[in-house]
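Below: a set of structures, written as structure tokens.
Same chain, two partners: chain A is paired with chain B first, then with chain C.
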Partner chain A sequence: MRWGEIIRRVLLIPPTLAGVGLIVFVLLRVVPGDPIAMMIPPGASAADIARLRALYGLDQPILQQFVVWSGQVLTGDFGRSISLHQRVFELVLARLPATLELALLGTVIAVLLGTVVALIGAYLRGRRAEWAIDGGVGLLLAIPDFLWALILLLLLGVILPVLPISGRIDPQLDIAFGTNFYLIESLLTGRLDVAAALLQHMILPALALALPFAALVARLLKAQLAEAEDQDYAQVARARGFSRPAILLRDVLPNALIPTVALGGVQITLLLGGTVLVERIFSYEGIGNMAIDAVINRDFPLIQGLILTFAVLFIALNLAVDLLVTLLDPRLRHG
Partner chain B sequence: MTAILAVRDLHVAIGRRGHAANVLRGASVDVEPGEVRGLVGESGAGKSMLGRAILGLLPANAVITAGTIAFEGRDLLAMPEPERRKLLGRRIALIPQDPMTSLNPVRRVGAQIAAVLSHHLGLSKRQARARAGELLAEVAIREPGRVLDLYPHEISGGMRQRVLIAMAFACNPSLIIADEPTTALDVTVQRQVLQLVERLRQSHGAAILFVTHDLGVVAKICRTMTVLHAGRVLEDGMTADVLARPRHPYTRALLAATPRADRPAEALRPVPPALIESLWSEAHRLDRLADAGLPS
Partner chain C sequence: MSSLSRRSILQLAGGAAALPLASGLLGDGAAQAAAAGTLTIAYNVNLPSFDPTIGLSAVNPTIQSIYQAIFDPYIAQAPDLSFKPGLLTKWGWNEDRTKVTLELRKGATWHDGSPVTPEDVVWSLQRAADPHSGNPIQFVWSKVGNYKIDGNTITGDVLEFEPTLFKWMAFLTGYVLPKAYYEKVGADGFEKAPIGSGPYKIDAFERNAFLRLKAHAGYWGGKPAFETVVFKFVTDPTSRVAEMESGGSDLTFEIPYEEFDRLKAKPGLVGQTKPVSDIAMIFITDIDPMLDRNVRLAASHAIDKKAIVDRLLKGYGVPISTLEAPGYAAFDPSIKVAYDPELAKSLLAKSGYSPEKPVKFTIQTTRGFKPKDYEMIQAIVGMWRKVGIEATIEVYEIAQHFELRARHALAPAAFYNWGNAIGDPSTSTGFAMFGPSPHCAWKGKDLIERIGPLWGEKDEAKRIAGYKAVDKYIAEEGEVIPLFQYVQPIIHKKGLKVVAQSNGMILPQLITPV
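Now for the complex of A and B:
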């Protein structure tokens, strides 16, 4: 990717976010559901309701509300959560690391698993065992992440209770963390026992997020591997006495990764979106789980803050994927 | 002199059982140590298939139904795979047809040459890189140290072919299969590449099986030649003899269809369709005999 392209993409970020903000803001206010109705005790007077409405600025015209909110957001003030009575910015910032760590772990598992399966499938090309790989991948792909969450929870949490099924860390463990990136922090500071305890909690939700994405990676990459292996450079490598596994790893895989990342990279956003339901199922304290509560409570400021956060993450992921493709393909680097 | 390569009665069929099409029908070719043999034929004659069969590069749907391929007296077809892999790239090398697609686009030129050297000769990374630079200098690439660090798309087609030639000669092979190595190149580059191959052959002492449809190239660099059609050898001998006194009518027709500097263009005659037809019907007659289990 050239510098001009990068600058163009960065310049497009503010209008994109403004658009997302406007759509969410307006949609929240025109669909049925009223945060004030959720807060008031039974039997509150009409005057009290009107006062509460005015307190949150909800009595103003929507466009005017949007202008006020946008102005605050530009100064870094995302408002106060109606249901949690705290600043939205601090709430999201406290929970975001948990989701990022979970999504990262899920992505790592998915990429490793998908790559291994794709390589095995490509190696078995033309043999009967290839069908088994394709069938397994198809099955993995057909089951959505939240269903995997329930299946894994039932299998490894209930029927065979080997792993914890809720939360981010054992509540009996009293550990102080300097940041909210618990896993990364404990790995960096060498507290491996803490990391192990965290991983025990994360592995099931991470697997649930990873399995459909792993299947996607496996399917895409396997097709690209087969195509790359038919190219002259791979054939010629065989005539030089290299073994098939060596050629697959050294010549075919680096070439097949380029279109796979370009096509499949943005699908990580699906995995990120999956955190909403999966975190809920495992009571994992991330922003996905928080988003569900925010919606249930019609917590307008919190919903807006969370959607903007997801939007920023999606944009960042798209940029990262394009950069990665450029990094993998020397023809684009010099282009 | 005993042949370094002896292909005997090679039959190759492509496609599934029952629908298989024969591409080689009992082809036999000998290459003696240090000689350059031209393997000539039109498209579909089976000349590239023969080269690929020697290298074990037949397409997945092709099967060798009969015959032997002996290299230095040992049958490559009967040899276990790992043993054959030790010969390929080291004792038998390939100069591929298309320099634009035969190099890995995401690996640096130097790394691709070095991989062959460390794989077959066990050179360390540093040794392999130094030797790769020497090889590039040997194929007349200027600034070899710089070219080692370039990717294939950063050098010209002629240069890529030089890199592929350097890789073919890297381990001092005794036999090189050159699969139409000049077809994809400009005419001016073609000559330089042919001269380069000839020079390296002499200094490294390798034999070359030169697969081509270009009789001009054969006349220039091949001592002996084999004419292939429909997977059968029609004529075989010293290049000078075959070109001066072709015995088979197909060879005569091929020569008449080849442009030459000492002959006006109007004298060019296409190979007569009737001749092609009779050759194919003979080939199909042999197929039927073989299917019936009768000796041809």
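Now for the complex of A and C:
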């Protein structure tokens, strides 16, 4: 991707977000489910209902509501949550780090696991053991993240209760944090005991997110490794007497990584989307868990804020992946 | 994939947890939790907001257990729905119901140590009555005003007689908040660091994860048994079951009945049940074909409620014939709507319907909002089919139900559950069946004329008798189909004594080590 293309992609971000905002805003108000109907007291009169509707600005035409909301968003005000009585921006900022840390840990696990499995699979190419690896990868891929969450919860939370199964940190611990990036902060400040306590809580949800993604990485990378290993440069290296593991790691892997990053990188957005159910199952306090409550309560301002946040993350991730591929592949860098 | 459901995984868990290893760990965990002086409750909903008097969470009955641990209601409620002194030690009307008198308990303190004053009580009542405060029960609180304070006694003028005023003082939005502190920190400050006068004070809060409370040493009712209480917000029922099996929590509730039966059989765990003030019902909307009395009555008589409770709910439910469950003030056991499919057939025949030529309509239901809701409606549709009713099931979300109900746009039949923690007939039959109420599906004049005069009835015995008569009339006309009273399953570790409440609350201050 050339720099001109990158600039074009960056310039497209605001109109994309505006489009997402408009669609979400209108859809929420058109589909059945009214937050005011959910809070109508038993003895409410028509006037009481109208007063409540006006209090939350829902008495105006949809277009007018959108114009008002858009104007507020441009000044950094995403409105006030109907159910949580707090500013949406503050709520999202407070919980986003938890989801980002979880997604990051899941990605790290997935990439490491997927790469190792792919390398072993490539090394065992043509042998019977390769079938076992392919079968295992297929199984990991076939089971969705939320089901992995339940399986892990059962195995490592109930049958062998070695890991905590709810929350982000032990409720008994009194730990002060300066930011909401608990794990990163504790690692950077050298509080390894705190980091260990956090990791204990994060490992199961992160694994649930990571396993299907690891399988995808393994499958893509293994195919790329096989293709790259058949290239002339790999054959020459073998003819020069280098061992196969050395060739795989030094010559083949870097070349196989480029298409894997391009294809697999985009799938990180799926992992991020998976946080919604996985966070719910593990009672993890990220924006995914918050999103479910927001939808149940028809908390329009919060849903809008959360979807815009997810949209920004997805766009940023796609852009980051494209940039990474450009950096890794000199052919793209130099046109 | 469909064959590998959460339930089947849990069943696998059941088998696996029977391993001696798992059982041993569970037993140890129970002992340790009790010894540590900490009570951990795997709670079924998140806590959206700390202010118990405004917004959506204020009218969510499930959250009230947490509020009542932190804040004091004006009047307390006993496990059997009766009322007892709380922050107020005395309350009542004058002879002609034109004044109320409230007496504040002496010696009660806020969590910051300052005393609870009559000014706090009056400010709380006035704030609740303010139409701009966002209090959903403002329509009750606004009926009294012009408060005057004399020592610890407060008097107020009745602006409009509300027979249930004191009952509401024990429930939704009926909490006393600290005037001076609230005015000092403001709404946002209170939301970030609330204080109350209840048995527990807030120690730590991680939204969507947990709330940690510490015992309020100066609590007027005595320091609670557990120094620390942790509410873990575990909204997924499967995860709540796992919390108990892993030993991560000491108590949970609102889990599937099959899981309840399985867990209570495990060593180290105890199960207890209690019928609570929540019922399952089918709203009848006064549109075709429900304008035909024969169709309505046939729909009622064709449902075998006992079979539904026994087979789908494992026996955890109490069949009912009116919207008043046993324990409610206007419960009348003499009103019966019998299961009689032959009667249902003959009623339908009078209107020209039969199994060969059925009457057709839609029934709406949630799916997974309440235990076995969809399965129950499937069973009812099967029962109806046998007598000559062909109903099509339409699944909706609970938010849709509220909107449709408020617009009077529900299908001819619509499944719902109705809570009534104060047990008063006005908050069950009254609001559910009185036409002008936004929660009513049957807008007929017949009920408006019957229920209307009861709203302001000053003679309590006459009011309750009036509601019993209305319930009898509704049963005879088939204008709603009450199904059964829910039973709340509670699972806890051995070594705990849990006082189950008829209003469904799980109050940590009433949980003690054995």
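The rule we apply is simple: the second predicted complex is superposed on the first by the 335 of 335 C-alpha atoms of A that agree within 3 Å, B and C clash if a C-alpha of one lies under 4 Å from a C-alpha of the other, contacts with A are read in each partner's own complex, and residues count from 1 in each chain.
Operating definition for what follows: contacts are C-beta pairs under 8 Å (C-beta built on N, C-alpha and C of every residue); 3 or more make two chains touch, one makes a residue touch a chain.
Just so you know, these numbers come straight off a predicted model, no measurement behind them.
S.K.: Evaluate whether chain B and chain C can sit on chain A together after superposition, giving fit or clash.
M.R.: Fit: chain B and chain C sit side by side once superposed on chain A.
S.K.: Considering only touches as defined above, state whether A:R128 meets chain B (first), chain C (second), both or neither.
M.R.: Neither partner.
S.K.: Determine, under the contact definition given at the top, whether A:L328 touches first (chain B), second (chain C), both, or neither.
M.R.: first
S.K.: Which partner does A:N255 contact after superposing on A: first (chain B), second (chain C), both, neither?
M.R.: So A:N255 only meets chain B here.
S.K.: Just chain B (first), just chain C (second), both, or neither: which does A:F242 touch?
M.R.: After superposition on chain A, A:F242 lies in contact with chain B alone.
S.K.: Under the stated touch criterion, which partner chain does A:Y233 make contact with: chain B (first), chain C (second), both, or neither?
M.R.: The first partner, chain B, only.
S.K.: Spot which of chain B and chain C makes contact with more residues of chain A, would you?
M.R.: Comparing chain B with chain C, the partner touching more chain A residues is C.
S.K.: Quick one: minimum Cα-Cα distance, chain B versus chain C, in the superposed arrangement, integer Å.
M.R.: Comparing every C-alpha of chain B with every C-alpha of chain C, the smallest gap is 39 Å.
S.K.: Output the chain A positions appearing in both contact lists, the one against chain B and the one against chain C.
M.R.: Shared contact residues on chain A: none.
S.K.: Okay, in this complex, where on chain A does chain B touch?
M.R.: Against chain B, chain A makes touches at 126, 231-243, 250-251, 254-255, 258, 328-331, 334.
S.K.: So in the complex, which bits of chain C are touching chain A?
M.R.: These residues of chain C touch chain A: 1, 4, 6, 9-10, 12-13, 16-17, 19, 21-22, 25, 29, 38, 40, 42, 46, 48-49, 51, 54-57, 59, 131, 134, 136-140, 187-188, 191, 204, 206-210, 212, 228, 230, 232-236, 238-239, 242-243, 245-248, 396-400, 402-407, 427, 430-431, 436-439.
S.K.: In the complex, go through chain A and note every residue touching chain C.
M.R.: Residues in contact with chain C: 32-45, 48-49, 51, 55, 82-86, 91, 94-95, 144, 147, 150-151, 153-154, 157-161, 164-169, 171-172, 174, 280-286, 289-290, 292-293, 296-298.
S.K.: Can you check the complex and tell me which residues of chain B touch chain A?
M.R.: Within the complex, chain B touches chain A at residues 55-57, 60, 82, 85-90, 93-94, 96, 98, 101-107, 115-116, 119-120, 151, 153-154, 164, 167.
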